[in-house]
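Read the structure below first, then the notes.
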Amino acid sequence: MKDRLAYAKTTISPRRAAELRAEIESFHVEYCAALDANDVERWPDFFSQEATYRVTSRQNALLNMPVGLIYCEGLDMIIDRALAVAHSQMFAPRHMLHVLGIARVLQETGNTISSQTPFILMQTLVEGPSTVHLAGVYHDRFVREGERLLLASREVIHDTEILDTALAYPV
Amino acid sequence: MYQSQAVIGITNARKNPPLEQCVWPADAMNNIPDWVYTSQAIYDQEIERIFRGDTWNFVALEAEIPNPGDYKRGYVGATAVVIVRAEDHTISVFENRCAHRGAEFCRASQGNTKEFVCPYHQWSYDLKGNLQGVPFKRGINKVGGMPADFKNADHGTRQLRVATRNGVVFATYSDKTPPLEEYMTQEIVEEFDVPFSGKKLKILGYCRNELPCNWKMYHENLKDPYHATLLHSFLVVFGLLVPGIKSIVFADKAHGRHGFMASAKPDEIYATVADDDKAQMRSFSDNLRLRDERFLDYVREFKSPWSANMMTMWPNLIVQRQMNTMGVRQIIPNGPNSMVMQWTMFGYEDDTPEMTRHRLRQGNLMGPAGFLGLEDNEALKFVQEGLRNSSTDNNVVKLDAGHQGTARNLISESCIRSLYQYYRDVMDIRVAEKAA
Amino acid sequence: MYQSQAVIGITNARKNPPLEQCVWPADAMNNIPDWVYTSQAIYDQEIERIFRGDTWNFVALEAEIPNPGDYKRGYVGATAVVIVRAEDHTISVFENRCAHRGAEFCRASQGNTKEFVCPYHQWSYDLKGNLQGVPFKRGINKVGGMPADFKNADHGTRQLRVATRNGVVFATYSDKTPPLEEYMTQEIVEEFDVPFSGKKLKILGYCRNELPCNWKMYHENLKDPYHATLLHSFLVVFGLLVPGIKSIVFADKAHGRHGFMASAKPDEIYATVADDDKAQMRSFSDNLRLRDERFLDYVREFKSPWSANMMTMWPNLIVQRQMNTMGVRQIIPNGPNSMVMQWTMFGYEDDTPEMTRHRLRQGNLMGPAGFLGLEDNEALKFVQEGLRNSSTDNNVVKLDAGHQGTARNLISESCIRSLYQYYRDVMDIRVAEKAA
Amino acid sequence: MKDRLAYAKTTISPRRAAELRAEIESFHVEYCAALDANDVERWPDFFSQEATYRVTSRQNALLNMPVGLIYCEGLDMIIDRALAVAHSQMFAPRHMLHVLGIARVLQETGNTISSQTPFILMQTLVEGPSTVHLAGVYHDRFVREGERLLLASREVIHDTEILDTALAYPV
Amino acid sequence: MKDRLAYAKTTISPRRAAELRAEIESFHVEYCAALDANDVERWPDFFSQEATYRVTSRQNALLNMPVGLIYCEGLDMIIDRALAVAHSQMFAPRHMLHVLGIARVLQETGNTISSQTPFILMQTLVEGPSTVHLAGVYHDRFVREGERLLLASREVIHDTEILDTALAYPV
Amino acid sequence: MYQSQAVIGITNARKNPPLEQCVWPADAMNNIPDWVYTSQAIYDQEIERIFRGDTWNFVALEAEIPNPGDYKRGYVGATAVVIVRAEDHTISVFENRCAHRGAEFCRASQGNTKEFVCPYHQWSYDLKGNLQGVPFKRGINKVGGMPADFKNADHGTRQLRVATRNGVVFATYSDKTPPLEEYMTQEIVEEFDVPFSGKKLKILGYCRNELPCNWKMYHENLKDPYHATLLHSFLVVFGLLVPGIKSIVFADKAHGRHGFMASAKPDEIYATVADDDKAQMRSFSDNLRLRDERFLDYVREFKSPWSANMMTMWPNLIVQRQMNTMGVRQIIPNGPNSMVMQWTMFGYEDDTPEMTRHRLRQGNLMGPAGFLGLEDNEALKFVQEGLRNSSTDNNVVKLDAGHQGTARNLISESCIRSLYQYYRDVMDIRVAEKAA
């Protein structure tokens, strides 16, 4: 992971990058809208069958540590996570809000697109203020399925090195 | 929201009494007063008597600093220290404070170095924390500089005593702390040696979170099997800790301050629970089923009756072993109403890539987003909020009343009672007279 | 920025004296010392003597919890409570703290439930706050569990006494608080009954803001007609409160702690103000004209001489009625330098859709973005900042000197004086001797 | 309102969504630039004659509560608000800054486009730090007027359940 | 500078604005990715030979004060700054993250494009939370060089009127 | 992160002792105890005895308020004041607190006005802070209003004494503060007059940052030439302050509280440093070279032996002159663990545009993003963190031991020693007896 955090020039033409950015942004808005509506059961819909998903700190990523706050290999684990969050886990109610910066398209090879998108995740507890819960970057690899993009891999690399209490929902 | 930024504050001063008002209720075994968790004066005394007292404090795993010059920032209690491996391969722990004007000189989380140089005036320290160089110590052209009687040896960092066992590093401020194994007591050493057998560890990563609760609540949580079988759907549904399986909550025989909570998972993936017991457990659900059951695979890698063992070593270490996911957690106290938890996940150097991935997959159980971990974090936060905002100020620990220390039944608070008996003693807290 | 996150702190300790240094200046009627607003010790005593004293605290409107099982989170003083309607339709108020280990168990803002289950160990409470179930109370296979003498009845939540009047719910910690109507006094009851006549309310919504000021300033603000005619362009220009119209500032006759500020708007949209008076009022402007004058339509729906009435009921309720926009506001004290305000806007169940919209349009006057509300919030913040940062430490209340309580003239601080006379008494604050 | 907070799939083709997103973003930048320049008197220019505008919390929206911190029916009320803020209300000076995430286009029917856009509103008081004042989502309905889009309805649904002191400017 | 802070209508057609916004966004993502990777030595690559760069508060800008927290005239000074930050200055390690809002294109004249883009700069110290370090607006003038845009001038106008401790990296 | 929002708190109460426990170590000259920087009680006393004591506090430059009616917000110590130029061109300084109910009435950073009107009830003050108007002072139709004996003259703002020298404005709370020039002492006046010769200033801009350190550390930093030659690569490599150049650290002869650190840059751009000295200085690098060397151009605009002079005037002013970049910095104390720094950069009215740009380019050295400034800010933060988190609690100042006050050598802490000798006196802090 460490090398993916180093700056590398994109290998893609500006025009194509703009087209793909539009597509990726269309993906992002749906993904975030579903999560921000607390509709976590839809979250697996955005992943491909073999997808991996991980949330980890920038410190871990820089040290090439493989651990994840959330660590999923394959859609089944992603679905298990979604169902646990939706139905069996105990945590206080909250509003989540994803605010994304501009997507950076890195590469396109065949069916696969890779990109990075900075995000701020705001959390609001009952009766509470809105606080920055995590800030970081989505490191994504998408595959095209028909008209849609699906995530083949999302690494949520958060700068935040001390988490406030807990992370209830996926990011 | 971080505790220091909480918009709504503590209800009033009754929650923050001075020491002389801190008198334990007369029925001491069965009650815990709120001020144990909310008084600044109590907290201050804990730092002095416990974290800087005769205790061994976890500071690091040797695998984090395998080579000479490797170092990492750490904490003993709430005090910042540096943990370093010297050229002679020994490990030193010293305060992260320059002996000159006090700068916290080591700023990077971890790294490798030949020496530590304080940024402000570049005093340099060797890898054991001894003052090594004072620039222009003799002035320039013999003008200025340190007086002739200035000895580097008098101006090192505050160095702590260090002990290690099978790759785990501890430090103490006190000259009187007994040898590590004596401090741990025999049964704790035995359980400790299960994951830490001397086999080389492989660090899998870190995590850090603030918990807006008193640090002692985390100890209690792991001396409390009652909550485990009620709060955690995953423990219950997958039979990791349910009525009927073999389990223990153990308190060390010397003081009751260390302990562990262990259980032996049966082979089935889903638990069989008596209907009577089910009725008591709201978190039980026949519908919770996994699509990826690799998650519950249990590779029996240790000779231990326990498939899971959560060990607490006073005052700041938790050793976590749940099937094949392992980690240590360090408690950093942070005022009465907050603590910081630092997690280090690990496997073994000889793990296959698939075994590593298996540990990572099972890691979803733990940590601040874990299937179990999330729930404990939330619950402990609720408790501290309840204490801070209420007019009432007592907590009840009557389960399995009359017993203290080790219990083989889940419906017991016996180990919490023994912990606080020890605590009253070391903190020198008075118990109120029984009303006549 | 929230108060707890203020980057620049209080000037120094003189603003935060201990109780024994809190002595009121000798000319007590005409002066208020800063420490009334900035001392933590004073605040702590207020919680004990006022919010947990012989007072009725507003907690909810019945319309928020119309059905059995309906509940909402709330506060009495700074203490978290739950307000619930039971199966028998009565309303209970109890602390949001589990009797076991203290968890704040009710986490949702509002909802409907059959019982409250504490998440940590699933003790359950009925809708009146009584302990109902302790899981595995008798242990498992008779091992562990509660001692035989454990009685659920001894381990309920802290329950408060409740009183309601025409759909408004109050709670008290004290057994000695007199009956609600007696507590309110006759004139307050009469004015209270104008919006709360027993007609069914319809909740229109909520709002919550932190005000970085002492909670008592909000009371003063509504006993201060002087500011109203000077600060608020909208009151002045649209003749809602100007010299010459009929108005009153009323203090209850028993203690001077409750009160109201009421006025009778003439029929014209724009106020006619004597030139002499105009000259005194910088917020008056002949240019302020509305394009949408529906905003100022006044539907005379009550038999009351007052088109507007802002009532304060000690210690934590404001009832707002300004033309046709209505609401209750609850003051939640939050340390000496902060308070939280919770607003509940309402109309009536039989309002037409257009009447509802009319109320909502007029709602632009009030709240933290309201044409009036914004200005009060800002002004109160300026006051607390002024107190916190200055070397001087006295406030002057000499308008209409020599009078206390109810006044029919706008240029009076008589009701502020009566409030603090009562306050000194209940807080047992000494007045300095007059210098000889 | 509650149902509008639930996640619903968009009914619009990805290509058309991208075109509309570009248009909406052009609208957003002007709207925010005017407000961030404290030029509140221009604010009404972004609304159609019959426009409604409301600022309310997510909690209110989930409970279907109609109340608004600011509640305007029609352009005249919007103008009255703008003039009051600009000329007659007393409040301390401050800088405001709107930072918007990616716009999500929901629907296009005839002249009307609906969309959602997350925002963070930063506030900076005199001598002060920049703090998150509100975080939430614009729920918008636009109408096309010639080349321009105008707001027919903007519901500013903020997650923030406790407001810091007051809200001086529209959002 | 004060006049550039006042709201002025754009002079550019919506279609052209959208095209240019895509180009500018492609510029922004590279610029921010390089800085967020702490790769400050690449930072000068985004400037033209005669470029100026300044970081100053909105208060200074409103008072037409010329001072800058960072003030560079010409690429050489920009390179000197980059090298000093990268190699000789003493400061604690940290993660930086730029989250940008939507770019507003103001003008295009010949080779030159001017625009404004709001940003939030998050800072995360070792073991720390992610905090808003600066919030403000990039006031940019770009020149086209071949396929690429380069900055001829970037004025980083931050709302934040009290800075936390120090600003180590360029913005 | 701002200090008030720090997630990890102070280690424990030993860092925050009450006054009576604040006893200086016996070897007072060579040691500084931590509580000097971390005790709230010490801080409170500093506000009273130093910032509100017999001192002249910097508040503004006259060039900021050149015209009648020009004003700006400011601070004396931690107390908010307004600095205004009246119609008669004199300058007044008064507290930003309304005499009525205490509102901090002046809300804009700077501006021009004919009077100050408090927003809450529109009491108005003239440009000298005298109460001018009380709306409806005589009531309405003679009802209400102020009592007959109410005199505006008794209800002005708290006004401070003001002194200016060559365009720099100072204020004092005390009647006993000696005349400004006497207070400054002769040598300080002379150096002060170099940049402030009476030539008209041109303000170039502002900057404000919070430093999470005690305010006195900033004074020490500028009485500490040792750090300058070690911490700052730019000073060293470009020969601005290196062993071998002419330099001085000066402490005023009367009290040792004011001072300056000055140096005379040779003409070469890059420093020549003896190899011996280089070896001591890790920040020296032969590789650091500039591409744009205009940055180091030095226009000799003053008759002064010093190309750079950093002057500290007790208790809150720094005058910065480094080649051609100039500024004043005001220290605002903010509790023991924080201070705010306000920077005002300036040149002269008759500067050419190119000279202005030259100053701005050189300004890159200073400020919170400056090549030097960044490093000092970071270092001071490290120091406060070190003090807050350690178990040890002493600081060593033994360089050039036995000397106090002015030193011509760089490897000296003599001026820090003289400062604290003065400080102990004004604060009335006891020194421990030497052990027998």
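Labels A, B, C, D, E and F are assigned to the chains in the order they are written; within every chain, residues are numbered from 1.
The criterion applied here is as follows: a residue touches a chain if its C-beta (ideal position, glycine included) is under 8 Å from a C-beta of that chain, and two chains touch if they have at least 3 such contacts.
Worth saying up front: this structure is predicted, and the values here are computed from it rather than measured.
Asks: Which chains, if any, touch subunit B and subunit D both?
Replies: Both subunit B and subunit D are touched by A, C, E, F, going by the contact rule given at the top.
Asks: Name whichever of A-C and B-C has more C-beta pairs touching across its two chains.
Replies: B-C
Asks: Distance-wise, how many Å sit between the C-alpha centres of subunit B and subunit F, to the nearest whole number?
Replies: 44
Asks: Measure off the straight-line distance from the CA centroid of subunit D to the CA centroid of subunit E, and report it in whole Å.
Replies: Subunit D and subunit E have C-alpha centres separated by 26 Å.
Asks: Using mean CA coordinates as chain centres, what's the gap between subunit A and subunit F in Å?
Replies: Between these chains, centre-to-centre, one finds 47 Å.
Asks: Spell out, as numbers or ranges, the residues of subunit D touching 2 or more other chains.
Replies: Expected reply: 90, 92, 99-101, 120, 125-129, 131-132, 161-162, 164.
Asks: On subunit B, where are the residues touching two or more other chains?
Replies: In subunit B, the residues touching two or more other chains are 2, 4-5, 7-8, 107, 109, 119, 208, 210, 231, 283, 340, 375, 378-379, 382.
Asks: What are all the chain pairs that meet the touch criterion?
Replies: A-B, A-C, A-D, A-E, B-C, B-E, B-F, C-D, C-F, D-E, D-F, E-F
Asks: In the complex, go through subunit D and note every residue touching subunit C.
Replies: Touching subunit C: residues 55-57, 59-60, 63, 65-74, 76-77, 79-81, 83-84, 87-92, 125, 127-129, 131, 161-168 of subunit D.
Asks: Which part of subunit D faces subunit F closely enough to touch in the complex?
Replies: 90, 92-93, 126-127, 129
Asks: Under the touch definition given earlier, write down the residues of subunit A that touch subunit E in their complex.
Replies: 5-7, 9-10, 14, 17-18, 21, 58, 99-104, 116, 118-120, 132, 134-137, 158-162, 164
Asks: Within their complex, state which residues of subunit F touch subunit B.
Replies: Within the complex, subunit F contacts subunit B at residues 4-9, 11-14, 34, 226-227, 230-231, 243-244, 277, 280-283, 375, 378-379, 382-383, 385-387, 389-392, 395-402, 407-412.
Asks: Show which residues of subunit B lie in contact with subunit A when the two form their complex.
Replies: 1-2, 5, 7-8, 109-110, 203-212, 231, 233-234, 237, 283, 285, 287-288, 290-292, 295, 340, 345, 356-357, 360-361, 363-364, 367-369, 371, 373-375, 377-379, 381-382
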